[in-house]
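Labels for the chains are A, B, C and D, by order of writing; each one numbers its residues from 1.
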């Protein structure tokens, strides 16, 4: 009887594809032979839309890229525009941006911890992760009024100032998160079922990871110390000291461990930023209508999912000629097939979860 | 006691009781599961329908009753319709052999708290609970879609491989009690003064793990792994057929808990029988103790589900063939040796 | 961790028991559920709820139909026409169409409005029973609270 | 944060090595801060990328950007400018290799050199219609395969075409 592989369709409506991703799997009775991701279900034509909006009007749209880390998208786009237009940002605004970006990284990693654990079966961790994240969303709501599509960072600075009341509330949140994190770690770190599902699964070597263009936690899990906040510091990240957690053998467990460590580091950064918050304006002097002379700029930041980059080309008007976004999830998803080949079907869910992709950012 | 009452009314009454008993337990289980998992996750769970959500299962059942009953187009109609019945039938039938307490003396008539008591009651219950595997296979196959098929295949391999350790540990109990009759086993535990759960802890642990696996419950819920197979073998079912699968799963859980309680924790016996000081515990009827013990194990089911991630298929099979079966065999030899030397 | 200690820990199911201990402890912990609609979590002061037009102290509409908001809006939700009454100093809006289903709550209109006529209200109940009620006309821009809910989804029976 | 002013000597050497290796093909080259910008002719693209990766250590492929020069024609007057952004880890250096392509012309695919260029090139094809020879599976990545036209071109109407759907 000739061997015929099953073509299994996972998505675009599937409980664990983190959005509208469709995976065409070639499966031989649960062993994965090949995966072909099909994209475009959430394609909104962002880059075309951006070409018809002014620089300032594009910022709220960048919220909708990685909708779990909207402040990071804002920061990435805004820094590129500022480099293109040569705008100098007051130090207080840079520090507030670091506070917001790192809080956003905490929220994104906590949401990810919940999703990944739920994909592998530990359903309670989803609630614990979201409960911790809820406190951060309350901070964002108090700071600028929105919880998910926050649009709190503007070209030239930030939307509001941080008053002492908000600073103390952020500090209490920073003390609560480690407690919730400790629960998650006790539940998962040493658990034998968790280890069987994650150790050695979806392993990728450092050289292959760089060749596949992996960035962010999945790359650092292979032991490659590439963190844009350290390599090309931006928005005064150089003033803070924090370490870059690294894994050893680049499997699902190391990606899990690296992200949980990063939560600890982000708490350190926010603490230092709040301690050293300089005085001064929180917004640079901006013209009413921002017109930028023809030119081109490329800038990258360390978003929670990986290296997020923007290329902007200006043509002298108040609307960008071309804005291209380099999305970390888009590039990281390419290595999914390499990691999943030969594994079992249930590992695909775990590996996809460990890559922490968001379809808004992939489909643009 | 006219024969009319003795031979007709009472048996019919008992049969109705045997059907109602699992139904009520299933209703309790549905509520318990949703509440306990919720409370463990820092939320309240259903508390709108009835006092503290007690009527939620009734609401679910009514909803499912009125929901449209979809049969996929290319599904194999006959198999598709039979499987929920098979799954439900096997668990209800097994309840006939579960004794709930010592026979009651009502005037001259002794009311036995079970439908049938056979010298091989244990084997019959195990055999009947294995029939539900057919329901799962037919359901998965007849749905004619890939996910249910994978769910069904996984379930077959899982349930069959966990039958072996379950069977071996049950044998050790039969060995110790020198009988397969469930009532006899409980009486034997009473007379020997020690419950087999404490006499043979290894048997209890292995049997408990196999019971969790056989009922496809977390962390062994691969056949219906929501995050992988969407809903496993009952993905294509809806309306009352889905309700059957849903209730059958809980019925099997209650069945497995009753078996654990009967075999290892002395069924309806009050705890600490030997201790004279606690003799007043005997006043409480056997049936209440039996319920308390079952509720503990049902709580344990839900507790485990809220805590642990899900096994991967090969690690689950490796667990049973490399760990549980050798352990069960070694334990069986040890018990046999002890029995022989004594 | 030495091999023996790791074996003992795994044989006596230490990781399993510690996991169960966590869920048991959380079983008795404080619950975070907010019983909406009986309990309502107060939105923050700067909460970006439904943008509303406001009136000044003595009931005069603040909006002077300068259409700055219409220009600033990225998703062009506004369609405004103003008219200057004979003898009046300021223009008044005659037609003020605003589309809730296009609004992305970016807040540019609120920032750019010279008389802060349009501001975010704490209203977060914005669901309607059709596309038509999501198009607000001039007088409906001043609605708030229950009349607003009546306007948005009047049809459904409110569980009051 | 403007790029730090110190020009990196290694980049200068790379530029010289590149111009020596591909004599006539390097149309323009400059080192600015941590970034080397080079404009090449179409045919030396693939060997140049191979050279930059193997000999000069640019081991990571960061991004592929396509500009439509319909309104603002670049120096060469070609319709599209395709940028390959490379990254040197751990030195944190960048290379910007740009090539001009006219409508209908094809480029050599960079996938044999950098595996992660695969989807980036498929996206460039989907959005601009630039074909890459040697690409393992050049298909549209976002839009359905039967979609005609390339949306990110300047002459594609923003509101889309009325297909009467």
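By our rule, a contact is a pair of C-beta atoms (placed from the backbone, for glycine too) under 8 Å apart; a residue touches a chain by one contact, two chains touch by 3 or more.
Everything numeric here is computed off the predicted structure, so don't read it as measured data.
The minimum number of touch steps separating chain B from chain D is 2. The set of chains touching chain A and also touching chain C is given as B. Using mean Cα coordinates as chain centres, the one most removed from chain C is B. The distance from the centre of chain A to the centre of chain B, each centre being the mean of the chain's C-alpha atoms, comes to 45 Å. We define each chain's centre as the mean of its Cα atoms; on that basis chain A and chain D are separated by 25 Å.
Per-chain Cα centroids separate chain B from chain C by 49 Å. Contacts with at least two other chains are made by residues 124, 128, 131, 187, 191 of chain A.
In chain C, the residues that reach two or more other chains under the touch definition are 16, 19, 22-23, 26, 32. None of the residues of chain D touches two or more other chains.
Each chain pair that touches appears in this list: A-B, A-C, A-D, B-C.
Against chain C, in their complex, chain A makes its touches with residues 53-54, 56-61, 124, 128, 131, 134, 138, 141-146, 149, 151, 160, 183, 186-187, 190-192. Contact residues on chain C toward chain A in their complex (touch as defined above): 10, 14-16, 18-19, 21-23, 26, 32, 43-48, 72, 74, 104-108, 120. Those residues of chain A that touch chain B in the shared complex are 6, 8-9, 14-16, 29-30, 117-124, 127-128, 131, 187-188, 191, 193-194, 196-197, 344-347, 349. Those residues of chain C that touch chain B in the shared complex are 16, 19-20, 22-24, 26-27, 29-33, 35. By the touch criterion given at the top, residues 36, 39-44, 303-304, 306-308 of chain B touch chain C in their complex.
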